[in-house]
Amino acid sequence: MKALVYRGPREVEVTQMPDARIEAPTDVLVRITSTNICGSDLHIYEGRAPMEDGKAIGHENMGEVVEIGDAVVRVKVGDMVSLPFNIACGFCTNCERGLTAFCLTVNPGFAGGAYGYPMMGPYQGGQAEFLRVPFGDVNCLRLPEDAREKEADYAMLADIWPTGWHGTRLAGLRPGENVAIFGSGPVGLMAALSAQVQGAEEVFVVDRHPDRLALAERIGATPIDDTDGPTADQILERTKGEGVARGIEAVGWQAHDPQGHEVPNSTINDLIASVRATGGIGVLGVFVPEDPQSPDEDMKEGRLTIDWGTFFTKGLHLGCGQANVKAYNRELRDLVHAGKAQPGWIVSHHLPLDEAPEAYRHFDARDEGWTKVVLHP
Amino acid sequence: MKALVYRGPREVEVTQMPDARIEAPTDVLVRITSTNICGSDLHIYEGRAPMEDGKAIGHENMGEVVEIGDAVVRVKVGDMVSLPFNIACGFCTNCERGLTAFCLTVNPGFAGGAYGYPMMGPYQGGQAEFLRVPFGDVNCLRLPEDAREKEADYAMLADIWPTGWHGTRLAGLRPGENVAIFGSGPVGLMAALSAQVQGAEEVFVVDRHPDRLALAERIGATPIDDTDGPTADQILERTKGEGVARGIEAVGWQAHDPQGHEVPNSTINDLIASVRATGGIGVLGVFVPEDPQSPDEDMKEGRLTIDWGTFFTKGLHLGCGQANVKAYNRELRDLVHAGKAQPGWIVSHHLPLDEAPEAYRHFDARDEGWTKVVLHP
Amino acid sequence: MKALVYRGPREVEVTQMPDARIEAPTDVLVRITSTNICGSDLHIYEGRAPMEDGKAIGHENMGEVVEIGDAVVRVKVGDMVSLPFNIACGFCTNCERGLTAFCLTVNPGFAGGAYGYPMMGPYQGGQAEFLRVPFGDVNCLRLPEDAREKEADYAMLADIWPTGWHGTRLAGLRPGENVAIFGSGPVGLMAALSAQVQGAEEVFVVDRHPDRLALAERIGATPIDDTDGPTADQILERTKGEGVARGIEAVGWQAHDPQGHEVPNSTINDLIASVRATGGIGVLGVFVPEDPQSPDEDMKEGRLTIDWGTFFTKGLHLGCGQANVKAYNRELRDLVHAGKAQPGWIVSHHLPLDEAPEAYRHFDARDEGWTKVVLHP
Amino acid sequence: MKALVYRGPREVEVTQMPDARIEAPTDVLVRITSTNICGSDLHIYEGRAPMEDGKAIGHENMGEVVEIGDAVVRVKVGDMVSLPFNIACGFCTNCERGLTAFCLTVNPGFAGGAYGYPMMGPYQGGQAEFLRVPFGDVNCLRLPEDAREKEADYAMLADIWPTGWHGTRLAGLRPGENVAIFGSGPVGLMAALSAQVQGAEEVFVVDRHPDRLALAERIGATPIDDTDGPTADQILERTKGEGVARGIEAVGWQAHDPQGHEVPNSTINDLIASVRATGGIGVLGVFVPEDPQSPDEDMKEGRLTIDWGTFFTKGLHLGCGQANVKAYNRELRDLVHAGKAQPGWIVSHHLPLDEAPEAYRHFDARDEGWTKVVLHP
């Protein structure tokens, strides 16, 4: 089958690899119809999250079931399904509590597994014609009859929308509260959509790319351009000095200032300054335990220098980590089906798999208008 | 001052009574600018909730602060304020936990006090020119600079919108879930608005008055006409036999069938039939411990015959009681201010106080178009 | 293999039946070492919960894994395991949220399945030498190395202790609050133990059997003998007229008065009278949708006449239904292992399977000292 | 009246100052019977939390009401009361939600006020004969008839026990889980007691003072001596490599290594290493926004270098800040009254006020056996 594989820093290739196939009785085999390029795929692409040569990338997958293992009882051949990026067993201590992003079974020695990602287990990615889905009854979300008609919306269920939603839950957002989201890449935009769906009072989105800020504005969010001055100051000014009730980090460890220098602790400390006493912060942007290529000395060893005294004095709380997609994807699917949300509004490009390498190039360069790419193998 | 007082069953009168005044150092005196007739005022009007002759009615109040007691530190003369219908001390066991509808201080021997209502303490109602507000710092919600401009919206904060919102909390509604609301009087409509604001998947509203069902439809809810057949059947049919995740009762003990016979247990049992296993029910409609005038033998002594075996088998949960307005009114105010919600859409009539008796007549008769009356003394 | 099967009202028999065996690749086969007689087995025994002739009874099971299906990855042959009474798939809507007592997969057309119980699916009971466990990775809780040494304690994890614990969760008990538990059968006693472990202030246990009340007292609970006068009065008197914060029903639809007459609504209404405004009630005792044999006219059709007006006025909340055992059994296992709780204190008899019929007779008669029987096939 | 006042670094003095008196109609005047020296008083004593010359110290206060203002309605002269260290108005945004440690009224410009502490408002401390209590109905917890008999236990309700309890809530401890507490000073010990009362599986307490570790052991906790090797390693070893579910920081910014060097980020990073993926951390130890006297360059400006990559990868959550005492003190009082907990077990010295200066000296030096001092003016 054809797949998009990693070759080395900034080098990806569409090539032939052995067909994905049923390997265990609980497996399901899916023919991929939509697979998105994720912002975190760029960590692989840039060589900052090192992956082995020849492995297929892709963890935002959706498609049609073409074969099921002997032990699969719920999923049927022909079902259109969305596949949560984190692979879960459904029965370990963490899965039982709904913490499926931290499955203890699928990636022994580590809490969590995923498709096509370094350190997340031996699973191939889905930027390919077919995908093997372990524990298929657990890891397939069945889609309704309008799956093909609203494919751009449903394609957002594998990762990006549940991840944005997770940010609102980590931050503890309640209806009627305001929230500041740092980063208006796909995750930040999805956090903004999630906050709007949940009845937030006002949603601030901080970034500097006009096309992305415009997307935020389209769903009623208030854009904050960080080239206009210190973001915490801007937020305090717009909230009568009170700050926001909740904050969400959607950038990660490669956060950089408007001049392009990486300042990995900038978004967290800006959030601590922007969120009011007793508030909450959700951290979605990835921070890694080490990155020898980071220009920041602390970050080479996974450390950030944090304004901890202010954090404590304000009595804030903070949650972080990958989203437990299965905790949210059913309800989000139902909102799409009922016409209550259109997460596909961020999709800028629908492309065949063969054009994936070029799409990576544009997306990595944050070229204007390349907000979100959906590949159709 | 002028006030609307109760004289006897179906007899109310606008008359002169002694001016409301500061009686304790924590009191605040408010000149009423808007005071709504509530569905529960009809219980008084009909003589089903017996009140003493000459007492002023009215617990949905809003106005301007004209005087404050010596111990008041937050509220200032000139503030526009919304007054939660339940009066709270702010420091008893229940108030401390946010359960301000069950204050143990303001109405000794009973958990809860209110303005102008039988059994809820000695407090005069606000369908009058002035109102004495006990524990003013606790019981005044200050309104922003657009208070007069959006007065019809802010007037809904004293009771009806927080009460509708409370129903969604008692039922445990989560974004992406569906909900059935029995009753599309003002409380039911506000529960529907609340569910929409919170991101419900689909909101069913059950009633039989076309004008009220039309109001539900205007905010995107799905009307269910109970004259079209058994309501639980209709709901099951529209949900592929699954039933709804959540249900809300917004009718109360005088629930009657389409033929006009009171069947007090009908809404609760219909909800038990309509809500799916593991779901939740919130009961907002008032049920009283006794009503000698009820045509139902059980209800005379406050009893209902409930489908308890089904309730247990489904593993449902149910919460009930008056809304803790202060648990919600700040955020709801902020949603109005931010333009995210317009609860005033249900107001059908703005009238001077003098026309209150006629308004009671029409509202009690459920005359078409008389959805919600705001009086302006 | 040998098994205890139902023959007809008050007739059970130990007989030979075909060996339990692996039927699906996710199955696990367990050799039973401990299987308890549950109070709800008496509903079968008395013919009030009609079961088919020849089916094995028994849903409180523990034992050793002797065979596993091809798709089982976590459980190993030789593991000592506790088997939650409710059978769960681990991947349906309800299981995903931890509501494993309402699995939608294992008993099509009904929310929930169990071993050896009418209406709960085709599964044989475990009062037998062997038991087939569906979805073995989901339905086996592995026990630590002291499994045999503390077998009486671990045997309580399949149902009775998690069920008692569930009552405290449904009621919303918080540390430092008091609670009244109606019924000191095994479930009531386990609710009392659960409340003590969680730091309850005072735990009242209502019953009339001196041996059972003595067991409650042994763990520090306060016994209330309902032959000493109306229970709500006794509870109000001991709480300075305030009532208790929380209440738990652990009797069910065959509740009877001290004279032995069935009064199915008595415990619920006593709880409504005993629990203070804003409090919570958890209902563990089984109430069935119909019981033609009930002497109570309402209960024949699954109805109870409830003091609903008082329930509403107090603003109570109430949850009910079978316990989601998997939501609690890990932590409870760990408490046994750490020596923090000894739920086996209620066990009165350890018997071989052959003596099961006699044990049923004594237990059904509430003969003194027959609190809890553990069978060892 | 006599009071213990601050004079300068390591200089406190018992002297005469003007009598505390009623200043506002909501005030209550209390004659102090017990007032504890708190670990955070040592920050003042050492000059690390700079306070003005001549101000009375003391925020852990208990006593008898001797006078009430005109607007006080609940508290009566003669009541024995415990006074939460954080002063709250009861009606601001934060107080309404139970976040009384962050009151917006009592210390304008800052979220939170307290007795006798720098930056926490103009309030005198209670290490004195009398104390003025603002908003008396809100800030007095009335004690039962055994107040004098169990005075050492009730004296712990003003701060130290609710603070320890708060740590378990911030960490999200559930019954049956294990927890590691860094620091076995009074707050750490109270966190350990709280975890035990709530049904923790195992409670690790990390410190190096044998007398304090012995106190932890007396209530069933497992002591970890940090001079025996890296604490995270010790905890991982005792938990089969899994780490603990929850962690609590009870040391603060002056954390130092066994050799006595201040390493302010050591406890937080040790917790990140000790807590397992998906776990929670509660931070009780005080971290200040700046401390020019800190030997650590980052900490001079309130910063800590945190292992953020590991924190994110594990998906931990962390909450911090001063305890909302009123959220817990009622239930904790009831546990003392019911004999379910004896928090006074940590008290090492009962002394008259005159001996306070010497007590400060010993307590600051961590002299063996000086665990907790209660002064009786």
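Chains: A, B, C and D, in written order; residue numbering restarts at 1 for each.
What we mean here is this: contacts are C-beta pairs under 8 Å (C-beta built on N, C-alpha and C of every residue); 3 or more make two chains touch, one makes a residue touch a chain.
Everything quoted here is computed from the prediction, not taken from an experiment.
Listed by label, the chains that touch chain A and also chain B are C, D. Repeating the B-C interface, with the same residue numbers in over half of the contact pairs, is the pair A-D out of A-D, A-B or B-D. The chain pair with the larger count of C-beta pairs in contact, out of A-D and C-D, is A-D.
Averaged Cα coordinates give chain A a centre that lies 42 Å from the centre of chain C.
The centroid of the Cα atoms in chain C and the matching centroid in chain D are 42 Å apart. Multi-chain contact residues of chain D (touching two or more other chains) are listed as 97, 330.
For chain D in complex with chain A, the residues that touch the partner chain are 94, 97, 99, 101-102, 111-112, 170, 253, 265, 268, 276-278, 283, 286-291, 298-299, 301-322.
By the touch criterion stated above, chain C contacts chain A in their complex at residues 24-26, 69-71, 73-74, 89-93, 96-98, 105, 137-138, 326, 330.
Per the touch definition, chain D reaches chain C in the complex via residues 174-178, 197-199, 201-202, 328, 330-332, 334-335, 337-338, 340.
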